[in-house]
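To keep things simple, chains are lettered A, B, C and D as they appear, and every chain counts its residues starting from 1.
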Amino acid sequence: MIPNQELAKEIIAKRVAKELKDGQLVNLGIGLPTLVANYVKEGVNIIFQSENGMVGMGPAPEKGKEDKDITNAGGVPVTIMPYGAFFDSSMSFALIRGGHVDVTVLGALEVDQEGNLANWIIPGKMVPGMGGAMDLVVGAKKVIVAMQHTSKGQPKILKKCRLPLTAKGEVNMIVTELCVLEVTDKGLVLKEIYKDTTIDEIKSLTEADLIIPENVKIMDI
Amino acid sequence: MIPNQELAKEIIAKRVAKELKDGQLVNLGIGLPTLVANYVKEGVNIIFQSENGMVGMGPAPEKGKEDKDITNAGGVPVTIMPYGAFFDSSMSFALIRGGHVDVTVLGALEVDQEGNLANWIIPGKMVPGMGGAMDLVVGAKKVIVAMQHTSKGQPKILKKCRLPLTAKGEVNMIVTELCVLEVTDKGLVLKEIYKDTTIDEIKSLTEADLIIPENVKIMDI
Amino acid sequence: MNKVVDIEKIKPLFKNGMTLMIGGFLACGTPEKLIDLLINLNVKDLTIIANDTSFPDKGIGRLIVNGQVKKVIVSHIGTNPETGRLMNEGKLEVELCPQGTLIERIRAGGSGLGGVLTPTGVGTIVEEGKQKIVINGREYLLELPLRADIALIKGSIVDEFGNTFYRGTTRNFNPIIALAADTVIVEAENIVKIGELRPEDAMTPGVLVDYVIKGGE
Amino acid sequence: MNKVVDIEKIKPLFKNGMTLMIGGFLACGTPEKLIDLLINLNVKDLTIIANDTSFPDKGIGRLIVNGQVKKVIVSHIGTNPETGRLMNEGKLEVELCPQGTLIERIRAGGSGLGGVLTPTGVGTIVEEGKQKIVINGREYLLELPLRADIALIKGSIVDEFGNTFYRGTTRNFNPIIALAADTVIVEAENIVKIGELRPEDAMTPGVLVDYVIKGGE
């Protein structure tokens, strides 16, 4: 376990950043996934999409230089890169649902060994709504779930999601502070583990069945 | 009969022009309907749509002042009024099919007493294609057929169209050089006749059944 | 051709029980002066179709807090706790719709389409009560059109005829809802004379607009 | 980030039997230099999806006259007598599609929709072989998506990243086909540096574009 929350998030964000390839169009969800942008390597040009109507989203503006007309999907002022474009919501989701977004990175409440994802509602408790998440998960070419491995010690990687789904069988990869899992037809394959954990620890913190190949690599971040 | 073709077309165009009300968005088909624009009264502002991607279409440019990037649906250079807008084809047909076009004026090969229209194909002979006509006839709030009453002496206003239809039951009004017909649930009502014709002559040149009210007006153009 | 009116002029348009579409994404691109007007008029039992219910002190959020809304059709309510509270108390009906589906439903309503087939929501509770159609072996949900009585739009630069240019990310739902309502009102940050906007910049053609009112900057 | 290439570079992309979408409306907004290239390469058995087959001496019309086309999916062929002649001789397959339906089918193909329901064509031969769906008592045709291997686009001002601005009525099918093809090539009337186009003017976002080539003016 990585009790330090900040370190956990940093590990996840760094590892996800390594999945992004030069020239890709990427949508980062609110919260933890947003941190990924901070760890993209120099020389790797990633184009960020914001589903409220922009590609080429840039970093946060300097204090006092905020432009009220340029915000991200969280309603927060951002900037746009010189190669960026603004458009309306129907174009934004044409890009998303039409397979033009290469990678989407989202958080999860639960994810399971069939690639199902639940991240938009806890009935009777928290009903934020799905926003653009359902379209992103269905439409993006690659779906990466970026989340802490457990929630209050309880597994979030399950045999079968119990919460209402965001999408069925669309997740391709799960990155936590402990490991990298690939979703395959046969189930979840453990690809990498963090240097300070063990396969046994990961198994103990995961409800889903894990396929453990012979050579599980140490997460390189 | 009005043997003078030019006069016939002028009568039709003048009469259709009177149907257009201030502020309406109007699409004029290629050919005869285009002439309607010449007869709109001073002070009546009609906004013309061209389905290739413009509202606020203006008159033909002066010779030598053509702009290759501003053409109408016939591919011919036109101008745009200061209140006009350019857009793509999906927006253009959102306007058309979405009921935002108040009036469309089209020619016809045949029209019938149920408001059916045929104007896009003579199988084995002439297959120009429907272009935007099917969408216009289905989508516009009011559909006016503007055509000469007969073709080579043969009726074009039929009991039932014989050619493949452009749309079913969408025509609201038929304007020829001889008369104005309104399409109603009960059939075609003769509303006006041209000053130099008679109801009997119109009947003899029309295959469709006509409903003749007590007071048929003289066409006021 | 001049559609610019004093805000007094449009007051009679609003009635209790109406369906409104309102532009904006978390208040970016929302016509705040028109929201002020709705609060002033205190019209009730509104159905609001929009991306979200904003924050309690901004845009649509203010109508929620002021108890004027009977139902919302939105993709997200998480930024306005009052929406969730009223929903849980049974005082506000919330229909959640995936964002991409919501904007397509509005576009369909405004462009004469009977519906669209989307893969979004298949296998989730979003599919409940909806027709499923299989195309080339893949399941799609048939999503139906949405329309409103009035659309409230925020434009950055608007000419007197209603041609509207949206700056930055203020565009979002605005140009699409302009297609899907019986009456369209644009709140303009800047009003210019006819002819001052390039025809290519009229992201909403003025022909769709009924009234232009001057908003704040 | 610079996608501007010499026209030689894109030659290997074209193969016999491909499906191409080509922008333009009666040649206004058609990339003529890319048409030149196709004629030069003499690729055959093409399927072309476009608004029309233009005139015999312009745009797509030239490919028809040159005998390179196996099938067209268009709304209109009346301005090119050669299209009709080849069709009647059984040498060219012509699928006619209402213009509004055609652009929606392309948009659906480019935006992940499984289809759209349109009232256009109901009660005509256009409905043959298509599923009819009744929504609120009105009949609609289920029209299916279209996609292509390559989209050929004409832009008025294009930056090196591919962001494209269309002047006047040259826009027509161009921004929609840019969504619906595996490879997108823009012929630019004017090429500018990245940053010289306002982000609001990128009617086709550069992220959709693979190659930019310099066209004539």
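We take it that a residue touches a chain if its C-beta (ideal position, glycine included) is under 8 Å from a C-beta of that chain, and two chains touch if they have at least 3 such contacts.
Since the structure is predicted, the reported quantities are computational estimates derived from the model, not experimental observations.
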item	value
Neighbouring chains common to subunit A and subunit D, by label	C
Mean-CA-position distance for subunit C and subunit A (Å)	29
Cα-centroid distance, subunit B relative to subunit C, in whole angstrom	35
Rounded Å distance, subunit A centre to subunit B centre (Cα mean)	56
Junction residues of subunit C, two or more chains touched	104, 107, 112-113, 118-119, 166-168, 171, 199-200
Where subunit A touches two or more other chains, by residue	54, 80, 86-87, 93, 96-97, 138-139
All touching chain pairs, where touch follows the definition stated at the start	A-C, A-D, B-C, B-D, C-D
Subunit B to subunit C touching residues, read off their complex	25, 45, 47, 49, 54-56, 80, 82-87, 91, 93-100, 138-139
Complex interface listing, subunit C residues touching subunit A	25-29, 51-52, 55, 74-79, 84, 87, 94, 96, 98-101, 103-104, 107, 118-126, 156, 166-176, 203
In the complex, subunit D residues that touch subunit A	1, 107, 110-113, 159, 161, 163, 179, 194-195, 199-200, 202, 205-208
Residue ranges of subunit B touching subunit D (in the complex, touch as defined)	50-54, 67-75, 80, 86-90, 92-93, 96-97, 116, 127-135, 138-139, 164-169
Subunit D to subunit C touching residues, read off their complex	104, 108, 112-119, 133, 135, 138, 140, 142, 144, 165-168, 171, 199-201
